[in-house]
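Each structure below appears as structure tokens.
Each of the next two complexes has chain A plus one more chain, namely chain B in the first and chain C in the second.
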Partner chain A sequence: MHIDPSLVEWSRAQFALTALYHWLFVPLTLGLTFLVAIMETIYVKTGDEWWKKTTRFWMGLLAINFAIGLATGIIMEFEFGTNWSNYSWIVGDIFGAPLAIEGLMAFFMESTFFAVMFFGWDKVSKRMHLLSTWLVAIGSNLSALWILVANGWMQHPVGIRFNPDTARNEMVDFWAVLFNPNAYSKFLHTISSGYVLASLFVISISAWYLLRRRDIQFAKRSIMVAASFGLIVSLFNVTTGDDSARHVAQDQPMKLAAMEGLYEGKSGAEIVTFGILNPSKKVGDKQEPFLVKVAIPEGLSLLSYHRVDAYVPGIRELVYGSKEHGILSVAEKMKRGKEAVAALAAYKAAKKAGDTAQMAAAKKRFEANSAYLGYGYLKTPLQAVPSVPTTFYAFHTMVGLGTWFVLLFIVILYFTMTDTLERHRKWLWAALFSLPLGYVAQEAGWITAEVGRQPWAIQDMLPVGMATSNIVTSPVMITFWLFAILFTALLIAEVKIMTTQIKLGPVELKEDSHV
Partner chain B sequence: MEYTDAIIWYASWPVLIYIAYRFVLLNMKHHAKMERLEEYEQQCGGAVEPKACEKF
Partner chain C sequence: MFNSMSYLHLQQYWWFLIGVLAGLFVFMTFVQGGQTLLWTLGKSEEKRDLIVNALGRKWELTFTSLVMFGGALFASFPLFYATSFGGAYYVWMAILFCFIIQAVAYEYRKKPGNVFGERTYEVFLFINGSLGIILVGAALGTLFTGGNFVVNDMHLSHWTKATYGLEALLSFFNVAFGFMLFFLARLLAALYFLNAIDDEEIARRARIVLRYESGIFLLLFLYVAGSILTMKGYAYDPKTFVVHIEAMKFLHNLLAMPAVAVTLAAGIVLLLWGLGLGIFTQSDKGIWPAGIGTVLTVLALFLLLGYNHTAYYPSLADPQSSLTIQNSSGSRYTLVAMSWVSLLVPVVLGYIVLVWRSMNRTKITVEEVESDHHHY
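And now, the complex of A and B:
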């Protein structure tokens, strides 16, 4: 099968564009639903109408974000059919299951109760309303669970069997897919990063009120809730990040090497905390990989394998192989992959001819090499290396900003609890400008995960180039630009509506004479 | 395949939400005291009518 390379690039660009925009909306929903649920719980427990009004203000902003996030998410699901039909054919039986559960269980749940939450304030009892708010929070996060189970499976495919008769993968162990280490670590790291973003959102907007010296009590109380929540979840986010990195080390060593710019493998590998990559560095040459770097000795070995002397393979060993460390070269994997591809073709031919003996022989040959099937479609060994600069800088941006957010939550919470926040205006400005940084960190995390696993749509099994639909390029190009315009318009609409709401402020609180 | 790790990690999600919620409540109590103290200082800190401080 020949697929036009420009089709692959345009399909990738379109999916990346959709995911990038979708990911501007989703993490805020994941976290803000819980913050709103906590605020409403305080209202129901204390009976203080002030908290009800505070809850309603943040809920209004959540509703705007939720609606626009929905539009981008639905488009992504359709793209699996329109742009990635080969992918859907080969692994639809596995990938489709979590997506179907997401729709039936989580999405319906969050959408149904969202209506009760948003429109039902005076129509259902206090407790029923509170239950609805919690179910929206749980539902939206369960939605993320099933999507990330699917994504985790793409990073580390488990619980499947390849059926040579249909040339499709079939799920043989649902629990292996659900409990896949890549699935739970991705889920927890992703949702907790969403909680961090939502906490930043509330703190940042509240800081703006404090800087403008308006709605002071509302802003201080909102910051108190968000900074408390943010501190706990950001510490959890660090823990899940560590766990996630360990799974990457085990299942996607090339991605780890790219994340760290590790060209030469070593025992007791250092971790680079800050670095500028040498742009002329090539795999296997003698040039230094960094122009400048600050590194912690043995840090990478310790974090990846929990041993300071652990061996971490570099890009060179992963491409050219290492007998000493039992690493097969990509060239060898490609040879075995091509053997698997040829055996599959022979199986099909024998089946057509009704030759059962040939079928059995071809099947045996295929099974012996099927672990490297995806490598059979690569053209050169260096194709197995993702973009090192993109992965390295995206990863370090995410980690650096994540560390800053922990510090910010500690400082803001301390000033809030000592009632000195208004005096520290520099920190209020820092909090205000940390909101866009939160979005940068979100996108950087997504880029690390997805660019770092290239060239694979499914790790070691299906390269991206084999996953696209066999269609002409022009419709993909046209829809790329249409989506780019549409999503940008949606984003501008969201920002405009939100800023209008924020400028209005918590109107109901102002109408209340005792505040 | 051993699933114990996965089950423990998944279970940490509701635990995280509960801990974060309790932490918010703990800080809210302290924050409410701070607010009352601030209000007290504003109303009773200087020469004021004794009646104004009765609610404290």
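And now, the complex of A and C:
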């Protein structure tokens, strides 16, 4: 089946556009639901109405964000069908299950109790309301769990078998899919990054109030909750990031090499903390990969394999192979993959003809090479290399900003506890401007994960070029631009509404003070 | 329990669940119907606010039902997901656009600084409730009338018309199906308002809508039901799986499956009873029989479509490519695993009912909306 390369690129662009927009809103929901649940818990424990009104203010901002998150989210589920219909058949037997479970276990919980959380203050008891708020938080995080079970499976497919009769991968071990270690490290890293963003959101807005010398008590108390939460979750985020990177090292060595700009593999590989890539560097040539770099010797080996002398393969070895380290070249994998593709076609033809002997022979040939089936659809070995600059810079941006957030939370929490925050206006400005950086870090993390695994829709199994729908390019181009216009317009509205609400401030608290 | 079921029974079980989800979704489209009645029933700003807030506490459930319907289809019948969504591209994308604009409209409509103005978001709600539902109906209609697709030996599909699904709108049946759902959604909304809103003027206008639009709905329903029972269907041989065309296939299915016939009859009677309560009495309880009737009727239509060796998604381009519950489903292993998960459905329905009851214990009033800082 011939697939137009421009269709693949437009389909990728549309999915990337949708995901980038969706990911602007989801992390804040993941974290802010917990923060408002914590604030409401303080209200229920203390009976202090002040905390109720504070909770309601942050809840109002959450609702604005939540709505647009839903709007962008519905598209993503259906795009697997509309834009990736081959994918939907080839791996739908596994991939559809977590999406369905997400709907049943998480979305209904979120949507049912969301209504109670927002409109049930006077309709249900105080404890029932608190329970609803926590269930919204748990529901939104459960949703992330199932999505990342699905995404983790794409990065590290387990629990499956290719069935030549149906020409698709079929699930043979649900528990392996569910407890895929790759998925859990991604899940924990993703939700903790959402908690970090939510903490930055509360601190940043509160810092703005302090800079404007208004709503002082509200801002200070909000910062106390957010900075405490933020420090804990940002440290947790560092540990989950480390765990996630080790899974990348084991399951997706090409992605790790791209993240680190590691062209030549070595034992005791250094980790680059800052670097500028040499734009003319090609895989296999003798040029230096970096124009400038700051590196920690043996750091990459240590972090990836917990041994300073561990061997970390580079892009060159992963493409051209290394007998010494038992790495097959991509060319060899492509050869075996093409053998698998041909055997599968022979099997189907023999089955149609009712030739059982040929079927058995073709099946045997297929099974001997089926592990490399996906490579059979690649055109050149270098296609197996993702964009190194995009992956490298995105990864280092994420890590650099993540480190800055830990420092920020420590300093802000210290100043808050010593009640000196208002005097440190430079730190208040730093807190204010860290919010956009939080969004940059979120998107950078997503780009690292998704660009770094190209060309694979399913790691080593299904390249994106084979996963698209069999349609012409123009409908995808049209919907791409429609989405771009619509999402941008909605984003503008969202930001304007959000900033207007922030400028208005916690109105209910002000009404209280007038009384 | 599920482990010992045959593959066919698992496929039938999942088709049943898909039918239930479709039924629940159609019932929940009272939200969309209500959005199209905004200006008909709400003659002042405060009344429109009241209507939007009555719907605003439920819209996410409808939205979630649609997402759940998609997710369940993906998990249980992935070939349909791939073939229909990937082929009838324009129709599904248009439906999705209609739902994207709904998702923000409730929250943004009354918020200061919403850039596009209150009226724009009300238009979004109207588009979602009208065009969105008519398109959903037309898409469901193609389950009876078929699509222009071919599935190859590797089970990969492609569409044969450059209009990518829009050609479905040239079928009078599909369009009538869409308008039937549109009017049903409006009637269910009118019944919901009687049950959920404490406002005499809105109640009076809702009963007028019920009185006039029930007739239009019933005419469309009779046309659609009559067409279904007399149209040709795509049957398949259970041994060879060869597809052939059979005259009055759905009538034959109805006669061959008395339980489905009873479900359909019960659904229609309950729906009419609910409408009757709203039209001929002062009762505000019509939404419940009408809602249950809707779920049963849609379920029965889905069972007519997929059971008794029927292709539930006929291919007009190549009849042998037609989708059946047997050739388009997930593997036996996945269906068993997902069947265990499906035992959560009663739990989910249980807490939805409990929350609904506690939130709707008292009817919503203008005063309640105005006193809430977070109102829509």
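Everything that follows uses one rule, which is that the second predicted complex is superposed on the first by the 513 of 515 C-alpha atoms of A that agree within 3 Å, B and C clash if a C-alpha of one lies under 4 Å from a C-alpha of the other, contacts with A are read in each partner's own complex, and residues count from 1 in each chain.
By our rule, a contact is a pair of C-beta atoms (placed from the backbone, for glycine too) under 8 Å apart; a residue touches a chain by one contact, two chains touch by 3 or more.
Every value quoted in this text rests on a predicted model; they were computed, and no experiment measured them.
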Exercise for the section: Check chain A with both chain B and chain C modelled on it and let me know: fit or clash. Expected result: fit
Exercise for the section: Could you read off the angle at the CA centre of chain A, spanning the centres of chain B and chain C, to the nearest 10°? Expected result: 100
Exercise for the section: For A:L188, decide between first (touching chain B), second (touching chain C), both and neither. Expected result: first
Problem - Which of chain B and chain C A:P475 touches, first, second, both or neither - result: second
Practice task
Kindly classify A:W58 by the partners it touches after superposition: chain B alone (first), chain C alone (second), both, or neither?
Solution key: neither
Practice task
Please indicate which partner A:W446 is in contact with in the superposed arrangement: first for chain B, second for chain C, both, or neither.
Solution key: neither
Practice task
Give one of first, second, both or neither to describe whether A:W23 is in contact with chain B, with chain C, with both, or with none.
Solution key: neither
Practice task
Report for A:F34: first if it touches chain B alone, second if chain C alone, otherwise both or neither.
Solution key: first
Problem - Broader residue contact with chain A after superposition on the shared chain, chain B or chain C - result: C
Practice task
Scan A:Y372 for contacts with chain B and chain C and give back first, second, both or neither.
Solution key: neither
Exercise for the section: For A:Y393, select first, second, both or neither according to whether it touches chain B, chain C, the two together, or no partner. Expected result: neither
Handout entry: Minimum Cα separation, chain C to chain B, after superposition on A (Å)
Key = 18
Practice task
Determine where on chain A the residues touched by chain B overlap those touched by chain C, and list them.
Solution key: none
Exercise for the section: Quick one: which bits of chain A touch chain C in the complex? Just the residue numbers, please. Expected result: 1, 56, 59-60, 63-64, 66-68, 70-72, 74-75, 77-78, 80-86, 88-89, 92-97, 99-105, 107-116, 118-120, 123-124, 128, 132, 163, 166-168, 170-172, 174, 344, 348, 352, 469-472, 475, 479, 482, 486, 489-490, 492-494, 496-497, 499-501, 504, 507-508
Fill in the blank from the handout: Per the touch rule above, chain A residues touching chain B in the complex are 34, 38, 41-42, 141, 158, 173, 175-176, 178-181, 183-185, 187-188, 191-192, 195, 217, 220-221, 224-225, 228-229, 231-233, 236, 243, 413, 416-417, 419
Problem - Of all residues in chain B, those that touch chain A in their complex - result: 1, 3, 5-7, 9-10, 12-13, 16-17, 19-21, 23-28, 30-31, 34-35, 38
Fill in the blank from the handout: Listed in rising order, chain C residues that touch chain A in their complex are 53, 56-58, 60-61, 63-64, 66-68, 70-76, 78-79, 81-87, 89-90, 92-93, 96-97, 99-101, 103-104, 106-108, 111-116, 152-159, 162, 164, 330-331, 333-334, 337-338, 341-342, 344-345, 348, 351-352, 355, 358-359, 361-362, 372-374
